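There's a structure below that I have some questions on.
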Amino acid sequence: MLDVRGLKKVYEGSGRRVEAVRDLTFSVAAGELVCLVGPSGCGKTTLLRCVGGLLRPTAGEVLLAGRKVDGPPPGMAFVFQEYGRSLFPWMRVGENVELPLRRKGLGKARRRELVADALGSVGLADAAGAYPWQLSGGMQQRVAIARALAYEPEVLLMDEPFAAVDAQTRADLEDLVRRLWRERSMTILFVTHDIDEAVYLGERVVVLSASPTVVREQLKVDLPHGRDQVHTRVAPRFAELRTRVYEQIQAAKRGTERPVKSPLPRQG
Amino acid sequence: MRGANAALGAAGLAAFLALGEAVPRLGLVEEDYFPPTSRIADALGTEIADGSFWTALGDTLTGWALGLAIAIGAGIVIGVVLSVVPYLREATASTIEFLRPIPSVALIPLAVLLYGTELRSVLLLVVYASFWQVLIQVLYGVQDVDPVAEETARSYGLGPWARVRHVLWPTALPYVMTGVRLAAAVALILAITAELVIGAPGLGARIAVARTSQAVPEMYALIVVAGLLGLLINVGARSVERRALAWHQSVRGEVAV
Amino acid sequence: MRRVLLRLVFVFALPAVLVTVWWVASAGSEDVYWPPLATVLETFPDVWTGERWRGDVLPSVLRLAAGYALAAVVGVALGTLVGSYRRVRAVCEPALEFLRAVPPPVLVPVIMLFAGIGDTMKIVVIAAGCVWPVLLNTVEGVRAVDAVTAETARSYGVTGVAWLRHVVLPSASPQIFAGLRQALSIGIILMVISEMFAASNGLGFTIVQFQRSFAIPGMWTGILLLGLLGFVLSALFRLVERRALGWYHGLRAAARRPGSSS
């Protein structure tokens, strides 16, 4: 569904040349939930903006369903970390969700249906008439997710969406993403710096190196589909996986070139 | 980046001046009404060589500076008193809301009758117009004081004067500077208006004389001077504002009131 | 109930005191320039008859409205254009800064050269003075569209007219309104002085006539009426602004509430 090939991004300006992303290659299959995790400041956001067509890569390419991404494609929806700035404060919640649908040339009735359905899915059916700033941070991020759902994207890109909400809200939102992914069989690329979150959410975790970024390791998360905050997080397998990712990230921070060679036992 | 912007700006300015030269030369507008840039520049040169021009400029600046100083002083003192003394703010709110939008030009006939073409006419208009700009910003600034900071100061036993000095004033300062910047621009507008309409000595009166004597290029030259004066005041006020607030992590925007 | 009463006292006490003081202090005043307030108020209905409202007040207000509306449309349109393109902005900025700094009243003699002394002159004067604060504030507002807001719009394909209408203009609207507010006071100043310069009717013209013919109570009624007009226009503006920027005031209030530091 989504192929990233040899992606490279170099920022140039005022005599300085910063190589944010060196050479990234990975792919996301249709219906897969992949988490990208890496040390802070490792160019995750740059990567995701390149994937979403918001930034032009210096080299390499991004393919969405075989077509080259060249500007934001209609088949992708973006959920940003800064929900307060990503939702338009001058529009009510319903209007915020509806605005992107105008591009799709849908009739008014269909648009309204999609908005109601998306808001219902995130548990905010009653909030359509409120302004975003009247809601709590967690609710605002739900609205941003509803906007992405209503857009009916082929791929949903999420850029550290829960970094700015408190721990309990965060757990709720993680479960919401898992549920929506299973119910709607969406393809999701989820960027985070939180190792537990990556392992808990993902079907696969892509560990990135420090900047300039390359893929350090790809890890299949062989936890059961039905996960919950209480049991999954204390499962031995969860602990193994998170330790493995943790070691990789620590090594990445130290700048070790070779991947850590502690073998990951297959689940029996 | 900044160099490139400055070059583009200079190019824009040059184009603006060239347009001013070309439009009347090509006969697109009557040259008598809209003299080309070069003739305005000529007239400007003549003006600068004329001693009475400098006297007029001095008169305008005197009215502006004096009026502005009075307005700032009164605005700050009254603003702080209104916000510090309990209930005074509430009691005066409606009166301020009524008096503030009264256009200061309404006072022109009164100024003429009372003071004729004296400096006091100019001051009356300048002070009335710019006082409100300062006062309103001071009131908003004081309102912005963090109640937690205020209570902290109180709990440590700081007296009223110390609270004004260490808590209220630093919070209000960005607003006060905004008020001063707005007031400086308004004060110039009213100083020139008073001279232009009432005939108090200054640039405005000189423009009025140039108009009645059909000295069109001179009139334009004086308007350019007035514009440059305004520009200097704007730029100066902004840089003072920035310098005064360099310590402040966020130089705040002005309040939409 | 007590609350409401107290509020009413706060609203009306000081104005009542001030009017009373004026009334008492000026009662029996022999000073020609400071007639008793009672005389001024008695003169008011005699001066501002239906004829005067139609012949002077209405034309003044209509000219103001026309010039102001023209300035608002041109200012927002040009400001959006200039603000949207970094290069255009760099080219225009110094020239615009200069034009904005020209004290608007000096436009009156210039525009009289072109447009004579009729309604056109006055409307053009008002528009030419009001356009700069609107234009420059619009430029600032358009330029300052938040980066995440812009990326969100781009990623959802909100472009072209929808981008302008649903993102740029609403996001710039607080600044645009700040510019419109400055423009309103400039507009009133220009309305009055363009009529003081050359006119055969209008509020400014009438007040100057009273002053020149030493009809002092009449002049005072004119000053009062002009003050009242300023107050009413500003109240109207505030009403419109409250409606249009309701979201902005709510957002600011929400940001100030403790505990929502995000």
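Letters A, B and C mark the chains as written, and numbering starts fresh at 1 in each.
Here, a residue touches a chain if its C-beta (ideal position, glycine included) is under 8 Å from a C-beta of that chain, and two chains touch if they have at least 3 such contacts.
This one's a predicted model, so the numbers in the text were calculated from it and none came from an experiment.
Taken as a graph of touching chains, this assembly forms an open line, each chain in contact only with its neighbours along the path. A count of contacting C-beta pairs for A-C and for B-C identifies B-C as the more extensively joined pair. Taking the mean of the C-alpha atoms as each chain's centre, chain A and chain B sit 51 Å apart. Note on chain placement: the centre of chain A and the centre of chain C lie 48 Å apart, centres being C-alpha means. Separating the centre of chain B from that of chain C, both taken as means of CA atoms, is a distance of 17 Å. The set of chain C residues that touch two or more partner chains comprises 248. Within the complex formed with chain C, the residues of chain A that make contact are 49, 52-54, 72, 74, 76-78, 80, 82, 84-86, 88-91, 99-100, 102-103, 131, 133-134, 137, 147, 151, 164. Interface of chain B with chain C (complex): residues 4-5, 8-13, 15-16, 29, 32-34, 87, 90-95, 98, 100-110, 112-114, 185, 188-189, 192-193, 196-197, 204, 207-208, 210-211, 216, 219-220, 222-223, 226-231, 233-234, 254, 256-257. Across the complex, chain B is touched by residues 10-15, 18, 33, 87, 90-95, 97-106, 108-110, 112-114, 174, 177-178, 181, 185-186, 188-189, 192-193, 196-197, 204, 207-208, 210-211, 216, 219, 222-223, 226-227, 229-231, 233-235, 241, 245, 248 of chain C. Residues 146-149, 151-152, 154-158, 162, 166-167, 170-171, 173, 247-248, 250-251, 254-255, 260, 262 of chain C touch chain A in their complex.
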